[in-house]
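Working notes, structure below.
Chain lettering (A, B, C and D) follows the sequence in which the chains are written, and residue indices restart at 1 in each chain.
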């Protein structure tokens, strides 16, 4: 496979559609390399990136490649701050910068294991392209041509977010408020799956709490887990050393080049990156 | 007359129309005080003020109030940089912040002098409202109710810019390239006027070179001149001391509070503010 | 929201940064009403020097990424001009807090900011200010990057301590030392001011900065600012301000006026969280002259 | 556009800032092709210390107005890890200038950036680098705001001169001193480096800065960065960089690598206009990894 060029690509937005609480952004991306599931791109709007009251965003933002087909790249966006807000606003015809695909993607299941995909919130994005590829077994090079048997478990906050589940096929959903599917955590569904048949590989992407749940469940059962991590990123290609998470055996890994997908076994636990010391205040 | 409130007003754009090389921006401004001709407002777009490659504009920008009627303020804009570009882009319905009217406006002619209005480029803006008021003599409190006899001389670069002349009535135009009206400087027209009848007050606004021409011509003839100056401004209300021009008798005046309109006699000359020392470079 | 600061009772903790709000010019622009509705809880004057100064030749301003460079050069009427002409007009400013019938009117004390090129000059300035009842407190500018002397005194802890000590007994009014941010260790300078007898410190002043004329403007590349160099203010310097205020607060017992890039109540709260007692708003007032009042209301 | 710098022949004057481009990681991300098409004319390594360092706990980044605060904490494999594992991979980088048949390929020399907490440590680092032919020049980091020692040496002219003198005769390779911007008078520090025997200076490093966690994030207000404080880079600091490079250039005879907020050829030209011989691009590479090559082409 040839390599991602160092040059950013200027893409033209072809569609930006609402999907419940999310947006699906599509852009013509004929020159992109075929991404591996789990890889991401650094995106920024070509215009009006920055400014506003807080003079942000300044840096590009990381997004999982949700799909790449027909010369278009697809992204699933959730508006959580100035960068995602701006990207959510883009309309067909607008331009954005993209760098990627970047990082380490998911590895195919070994030993004939079935695949359990566990997604939480906007973290379902990389599972869409993963599901596609597992079902055709085209790039993940499994021994079968009929694809890997795949179970998809998705967790959402509420009904508006659960609409995002339409990005994948044959899914089972859990919601925090019980408005759709199982009332509770997606990891409840995972427990039942693993208890039924532990000969699986778990692929997970979602908020830190969910990933930590998945990691711990899999570790307890010695089920292999591949976790797609998130971290604040400045560059996405290993230049800044900003995106680190601690490794089980000491030191840190760079999520952008050593991840975002890592073997659950390399982590002690998945944590929300919390700031430094509390301020003592003054007397 | 009551005073400009310290609070900025959030105005809604009602129209933004092309006028040759310029735009005429109108905004609903029901709470504005009646401006005196020559006063200005500090404007900034409510959204997307800043950002972009150079992270500018940051400060508000100064604009002459070209007219204020029917509860609307009118501005004549020329796109010369990031701030004017953004304002030129505003569409009906968009919002902008306005502070003003600010500064010292034109004084009515004394001793029964007629008024000669001399404008250059976008500097014609404050002459529009001045012409209106001179013709009704409403606020300038001249002894006559039929208005002051007024001659309007406008200079432009070329035909596209000369379209701006439509902002005023009964004008005579000069263009640098001869495409409209007199082929040459607007000060050529002024010389002829003053030679014909020097019992006049000259009101001028335009680029520094033109203003200096007007100042010198008037000074030589002892004709009173009122010059509307420009200077880079951070605040517009005397807070920053940034907008100064040198006075004839030493020291500086603040264009925003001592001007923008000043008596030509207080200046030694009108100069393009040029930067500090040339860089020597290194061996 | 009312606060006590060095014995002064203030309506709220938001004041202006020296040189970024001219109460007299603002009253000309916005009318007498401003005098009863001043947007700040105390009024800090522009820096006053012994003799009048015209300030630097223009251009004096350059818009920078998320900020502003100024090279104003401390124009002022000189001590006597200030005391005779300006101070009487500055006395009696008031600010209003709360709405409707619950609104209260508070006096707005005057803090006079002074700069001198020697301890003697500074002492003369402080003595003269001490004699005037309209002045509630004195701020020593030892940090202005536009004038050589200001820099040197403020950046060297030993010199700074000596200067503060030299003027300290010339006044019983609160003495605030405005520190320079252009130094290796601002906490050392703050400690020196404290040892010298300062009642409070204020920071940060502008960062030394420069701008070149736009490529289109001159035959060769030239400095834009008439003063050659200038000082950077605005949001761009807010992270530096936060670090310096935190560093000073960790070492000092006396109160701190924090400033640098404050645009909102959230920014003011951050400076207070790291240890500022009062927060000053500078450049943001240029964009919105009422921002001081808005921040105070939203705190 | 080719330039000579301390005896090195470079394809053009644009290099990377230390710690803002990892040639090895970039080759993993962008492929082997990068090795023949490197975006910079010289490759400056991230700071290397004697012993390996993990760096600071996360979060390490905060986006600031027109910039970025980092608190990376100098993670690196240590001297031996660098010399044994990384350096062989860094040798042989090349860059291409011009298009089509006129294109020329130039070698990309390696400049190794080192930091030590004492003159002895620095000397050991410099000696080890001197022994390796793959290293073309050595940059001393005496300015990193994240590690106490770096600060103190670089901000005090006397100490700085002593340190540079102590390592100077340990190598015949060009010795570049990367100055700290967090100082009262950067020109004095630069002069001290020059007196100590530096062949060039580079500046500016990041400005000491701080960020608090978003109000939503914690029970009480807390520092965001795992390292407590960090360094500000990007466009926000460009006006400070311009002033400091100009101040140093006015006093020094040795060449200067200028950096700080460079995003375009116009910004690079400004630094060169005030006296920089080379220009380094730091944070902007994060937004656009090819920006070094773009700037070189547009100069």
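Just so we're on the same page, a residue touches a chain if its C-beta (ideal position, glycine included) is under 8 Å from a C-beta of that chain, and two chains touch if they have at least 3 such contacts.
Here the structure is a predicted model, which is why all the values come from computation and not from measurement.
Participant: Among the chains, which is located farthest from chain D on the basis of C-alpha centroids?
Facilitator: Measuring from the centre of chain D, the most distant chain centre belongs to B.
Participant: Nearest whole angstrom, what separates the Cα centre of chain A from the Cα centre of chain B?
Facilitator: Result: the chain centres lie 55 Å from each other.
Participant: Please compute the C-alpha centroid of chain A, do the same for chain C, then give the distance between them in whole Å.
Facilitator: 48
Participant: Quick one: chain C and chain D, Cα centre-to-centre, how many Å?
Facilitator: A distance of 35 Å separates the two centres.
Participant: Residues of chain A touching 2+ other chains?
Facilitator: 50, 54-55, 279, 281
Participant: Which chain C residues reach two or more other chains?
Facilitator: Residue numbers touching two or more other chains: 64-67, 212, 221, 235, 246, 273-274.
Participant: In graph terms, with chains as vertices and touches as edges, which category applies: line, ring, star, complete, or other?
Facilitator: If you draw each chain as a dot and join those that touch, every dot ends up joined to every other.
Participant: Residue numbers of chain D touching chain A in their complex, please.
Facilitator: My answer: residues 19-22, 24-26, 28-34, 37, 39, 46, 54-55, 57-61, 63-68, 70, 72, 75, 212-213, 217-228, 234-235, 283, 285-290.
Participant: Given the complex with chain D, which residues does chain B contribute to the contact?
Facilitator: Chain B residues touching chain D: 53-55, 279, 281-282.
Participant: Across the complex, what residues on chain A touch chain B?
Facilitator: 47-52, 55
Participant: State the interface residues of chain C toward chain A in the complex, per the touch definition above.
Facilitator: Residue list for chain C touching chain A: 66, 235, 246, 249, 263-264, 273-275.
Participant: Okay, in this complex, where on chain C does chain D touch?
Facilitator: My answer: residues 62, 64-67, 69, 151, 155-156, 180, 182-185, 207-212, 215, 221, 229, 232, 235-240, 242-244, 246, 261, 266, 269-270, 273-274.
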